[in-house]
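Next, two complexes with chain A in common: one pairs it with chain B, the other with chain C.
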Partner chain A sequence: MRQSTPIARAPMIPQLAARRFASVVFRSYALRRVLKAALTIYLVATLTFFIVRLMPGNPVDVYIHTLISQYGFTYDDAANQAAALFAFNPNEPLLVQYWAYLRALTRGDFGMSLVSPGTPVTSVIMTYLPWTLFSAGLGLLISFLLGIMLGMVMAYQREGVLDHILTAAGSFFQSIPNYLVAIVIVVFFGVQLGWLPITEMRGAYSPGMQPGLNLAFVKDALYHAALPILTYVLTTIGAWMLLMKSSTLSTLEEDYVTVARARGLRDGRIMRSYVGRNAVLPLFTQMAISAGFVVGGSVVIEKIFVYQGIGFILLDAINRRDYPVMQGIFLIITFAVVAANLLADLLYSRLDPRIRVSGGE
Partner chain B sequence: MAAWQRSSASNGAPVPVLSVRNLEVRYFTRAGTVQAVRDVSFDLHASESIALIGESGCGKTTLGLALLRLLPKGARIVDGEIRYRRRDGQVIDVLQLDEEEIRRFRWQECAMVFQGALNALNPVLRVWDQMLDTARAHAALSRDEVRERSERLLRMVQLEPERVLNAYPHELSGGMRQRVMIAMSLLLDPQIIIYDEPTTALDILTQRAIIEVLRALREQLDFSMLFISHDLPLAAELADRVATMYAGKIIEVGDVREIFYNPRHPYTLGLIKAVPPIVGELYDISSIPGTPPNLIEPPAGCSFHPRCPYARERCARETPPLYEVGSLHTSACHYWREVKLERQVVETGD
Partner chain C sequence: MAQTVRPGQLELAPPGLGQRLATAVKVFFRLLAHSKAGFLGFLGVLFFVVLALAGPIIVPDAGRPDMTKIYQPPSLEHPLGTDYEGRDVLKQMLRGGRAIIVVAVLAATLSTLISITFGALAAYAGGWLDSIIMMLTDVVLTIPQFPLLVVLSAFVKLDRPWLLATLIALLSWPTLLRAVRAQVLSLKEREYVEAARALDLGTTRILFGEILPNMASYIVMSFTIGMTAAIYAQVALYFLGLAPLAGENWGIMLNLAWVRGAIFYKDSLMYILAPVLAISLLQLAMVTMSRSLEDVFNPRLRES
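Up next, the complex of A and B:
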């Protein structure tokens, strides 16, 4: 036993250092979450890569065969063309391709669009993604803020007229799919009644408008995004209202609210810092999930309103079998979901001190 | 009924800080109207400490909440008077105050520490912010004054101010949180503090520590105290007078020693016998048979008669008034002369 001690001690030192590093990473809540998020994105990227390439009749082969049979390319030419478009060389071993793919990804290189040759997928995404983030993000924000305010009002005036009306309306709109609301707006208010100039409101901004950060352009962008935003708000606000109402009702039962009243605090202060702030905490997880789906959830809505966002272009890419664009958008959707969850978790730990401490920050 | 009130008035004693008369509180529920507090009257004098004793559900917490008009939805004060004497000598009727006046009355004049020690503080705000919130709501003190007062009070309740003020509630133990609440109750220097079972959720050692803290505070600071508890010996350590409550009514009031050695109501007697003595024969312990009455339809006559070993036919018929049974000692029992504590009670506290 005595002899083994110094021998055992020697290799302990690098081990200890590694363990200390691991413990630093794992004790920090933020670092742990970032690590998890990066791992998720990496796994999805890997999965996308192998599924596209291992499927029988994978899009790359299909594209090469199309080039050979329809345009009379030689296999090598076709393969080179495909390699340029998909940003990889099909003749290389799969693992080499995989490595090249990952390296391209870290540079933000998703390959080239098939349908419009010479256009990198990245620039397609950069062109259309901001509009989706703008419209769907604003829709979510309005819906969330309005929802929690109305939810609190409902809880404070429980069993009142407003509570009954809003509960009924909330459950009604919550149960209608958003594309149906969009279609009703277009068909009924746009075409039948002619109240809304839907043709004029199409697109992300008016033709001839110079994109820039000025009031006229922002107003124009809001005008064009109004109907998608309205649809997002109408179909999601019910859920926020009802969630916030039940969360507020249970928070109102908490001892610290009664104690706050006993302490003679003003109603406004109690409503904001004692009831509201605690009641909204559980909604943040929900908010994270919704924020992640901002990018992916807009597909049909953007098609119906002819709003040129990422969802619009995704449907387009699917119709035209533009695989690199699809692959890029799917990755962006994954990235959005993961990033939103990460952001919400980090924000949550800022808002709830109990999480902050257990994370050891 | 008014025997002990009259005597205090005829003595030419100063006007009590708090004077409750014929207070009636009802809960309006689907099952019916619950008569939670029935015809309660008592006086709380300056620097005096009254213990309000009774089983769970006898209405003692409701009474405490009613004094601050903090009753939950569905509960209402239907009758009675709560008169409060301010420091300047002016007597106000708490039930006549408007919303803003009652808000300022709370904590500034009359603070209340609740039994839910674990959950009494907002989990997302630091203790300091909650101290500041409390002071700001009453606009009485500057930031530095709040800081200085908070630190002094926290030291008085045996806490380290620097650590506790910067802590979130979940970083403190149950006992520490309750001490924070006790310190906070004193922040605005109120004339009255209601302690509603302040030790209930705590372990026995922490309970003891809290009682010691309260006892020390009573010696150092000048405030009147209403101590609500189901634990008679515990309450007796802090109380000058004891009021026993049963089925929403105060059924016996007296000096703490008088109540302990010479209880004149069978229910108070039962409460004393239900607690094991520290020294003495264990077979003397007995519980009160039966369960607390339904307050939707309280028993006719004396509410306690279905459980009372002394009960006779008259008790079911006639509601007993508060008889004067001794010096400043009243009991609502027709047969108070027969009620006697047989065993020797072990002296506690002093």
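Up next, the complex of A and C:
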């Protein structure tokens, strides 16, 4: 409520109206969050534009230069060719180009791939993004559900054997970089022990499989995604367990839990409806951070397991210097993470009205 | 304003900065001694720092490639076996920690500086400055750091330690800043800060003279977390071959073991496992240390 004073000392009418508008925006938690998300995406898009266009040895100049020196293009032809690929007109002033770039982005137009001519970046993204969303999303979900269940068990059996084992294991896997866990899975279970057919498990689905919504295909997709998902679960579950444990412990001390016990309610019901529901609330904000981390880490994990998701293709594009694909994938990853953040925050404020009232800090 | 009391005029002069730092270090060790795991973590970190400093001195030369001895299993001569060019893995392990830790320390120093300066400023100044800093922090926090680093590596040749460290630091300060801000917000309300404010000592003096020295353990914690993040990012960059594979460090060893196919040789288990273990242990030691510091020092932070 610290923002209420400026309104009181604003006698001028137009200023008052502007301030009232500002205060409506500021007070509405949801609106503020949406604005913040939009600002983030805008800033990242701008940053990407200037990196690609203005860095010394930027890809556009390099590409024009290659066309001239290797294929004997004239400068104008080369520039036009580059313009078509990068979806901009190099003869226009930078600000106009910037504006055109932003407008193309709002239409979902990320330009064309340099390495495979005639392929729009959007179609590259549409082909590979679903696999990352599938594996990372499933990994997050399994990890979250398992984590809160184990966390509650740990809180209820505090200082028990299970609590000690899980705390140690959770902190252990949490501190080790996720790609090292993936490497160890490949080296130990794939090569040394030979338990897992790692070469056969590569890819997003088996060759010759027709993508479609049938049981055989879903089974196949799960088979191929199993190792990335296992890695995501192993490396994030520790955080959920430990957070849920401490959250449950503090919820158990609340008066309403004592009252529920005094009313003679069954333990199972107290655990589900009184403790569990409230204890899980603070974890939702963590969900967004975890999503960003898993999506970021997927770049390395997908490389290790040769899983053709968006992270794998991003590395591929970087190795081939396919700048439009790189730019498009980075923007879409950012968009996904920002959207996940927004969704988590809005969901959280729905579930826990205290957040909206106190301003979300 | 003639009646302002200067600290020197008071009989109880406040302790000097050196004295305060000494107290802070003592408090730091006392806090660590409270938890066995934290102390073990501290010893682990110490071990790796000593290794980073002494390793290249103990083993001044990594040895020449010897094509007759490639991918050898561990033996007395080569306790961890040999690599794809027949060089001794143990020697590389002893030498390879320094580069990683140097970049981690540089990056952590920079990101700690950024987060402490602006976190303290945001918390202390409040108002619109706080709003702007926090807005920016939230924006940078949501940008997926590692993919951005990966994309940047296509434009910037990451061949210098400070360059790699700067890029990592520029992306990893937001979490630390939020924590520092929360900490300063709570310190701000303490009596001794109120007293300093009543004495009209000025914002800079209060921030650097009163608040920051009382956050020493906390700064160590932020620093450790910053190092963990930097190690995660740089090893991943080396492993993916996105930073130039010049010189020797554990990340490059990991890359070469992976790319040259050592993972498929049963004899080379120790070759690939050695850097994996070293990096994991280093991370584990640092996380354990910082977490026990966090537990003892500020249990409230974990809940918020």
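The rule we apply is simple: the second predicted complex is superposed on the first by the 324 of 361 C-alpha atoms of A that agree within 3 Å, B and C clash if a C-alpha of one lies under 4 Å from a C-alpha of the other, contacts with A are read in each partner's own complex, and residues count from 1 in each chain.
One rule holds in what follows: a contact is a pair of C-beta atoms (placed from the backbone, for glycine too) under 8 Å apart; a residue touches a chain by one contact, two chains touch by 3 or more.
Since the model is a prediction, treat every value here as computed from it, not as a measurement.
> Clash or fit: chain B against chain C, after overlaying the two structures on chain A?
fit
> Should A:Pro353 be classified as contacting the first partner (chain B), the second (chain C), both, or neither?
first
> With the two complexes superposed on chain A, say which partner A:Val299 touches: chain B (first), chain C (second), both, or neither.
So A:Val299 only meets chain C here.
> Using C-alpha centres only, what angle sits at chain A with arms pointing to chain B and chain C? Round to the nearest 10 degrees.
That angle rounds to 80 degrees.
> In this superposed model, does chain C or chain B come into contact with more residues of chain A?
Answer, by number of touched residues of chain A: C.
> Just chain B (first), just chain C (second), both, or neither: which does A:Arg269 touch?
first
> What is the contact status of A:Ile176 with respect to chain B (first) and chain C (second): first, second, both, or neither?
It touches chain C, and chain B stays clear.
> Of the partners chain B and chain C, which touch A:Tyr256 in the superposed model: first, second, both, neither?
A:Tyr256: touches chain B, not chain C.
> Would you give the minimum C-alpha distance from chain B to chain C, in Å, for the three-chain superposition?
17
> How about chain A: which of its residues touch chain C in the complex?
For this pair, the touching residues of chain A are 36-37, 39-40, 43-44, 48, 51, 55, 57-58, 171-172, 174-177, 179-180, 183-184, 186-187, 191-192, 246-247, 250, 282, 288-289, 292, 295-297, 299-300, 303, 311, 314-315, 318, 321, 323, 326-327, 329-330, 333-334, 337-338, 341.
> With touch defined as at the start, can you tell me which chain B residues reach chain A in the complex?
68, 70, 103-108, 111-112, 114, 116, 119-125, 133-134, 137-138, 168, 170-171, 181, 184
> If you look only at chain A, which of its residues touch chain B in the complex?
Spelled out, the residues of chain A in touch with chain B are 254-256, 258-266, 269, 273-274, 277-278, 281, 351-354, 357.
> Help me check something: in the complex, which residues belonging to chain C touch chain A?
135, 138-139, 141-148, 150-156, 228, 231-232, 235-236, 239-240, 242, 254, 258, 263-264, 266, 269, 272-273, 276, 279-280, 283-284, 286-288, 291, 302-303
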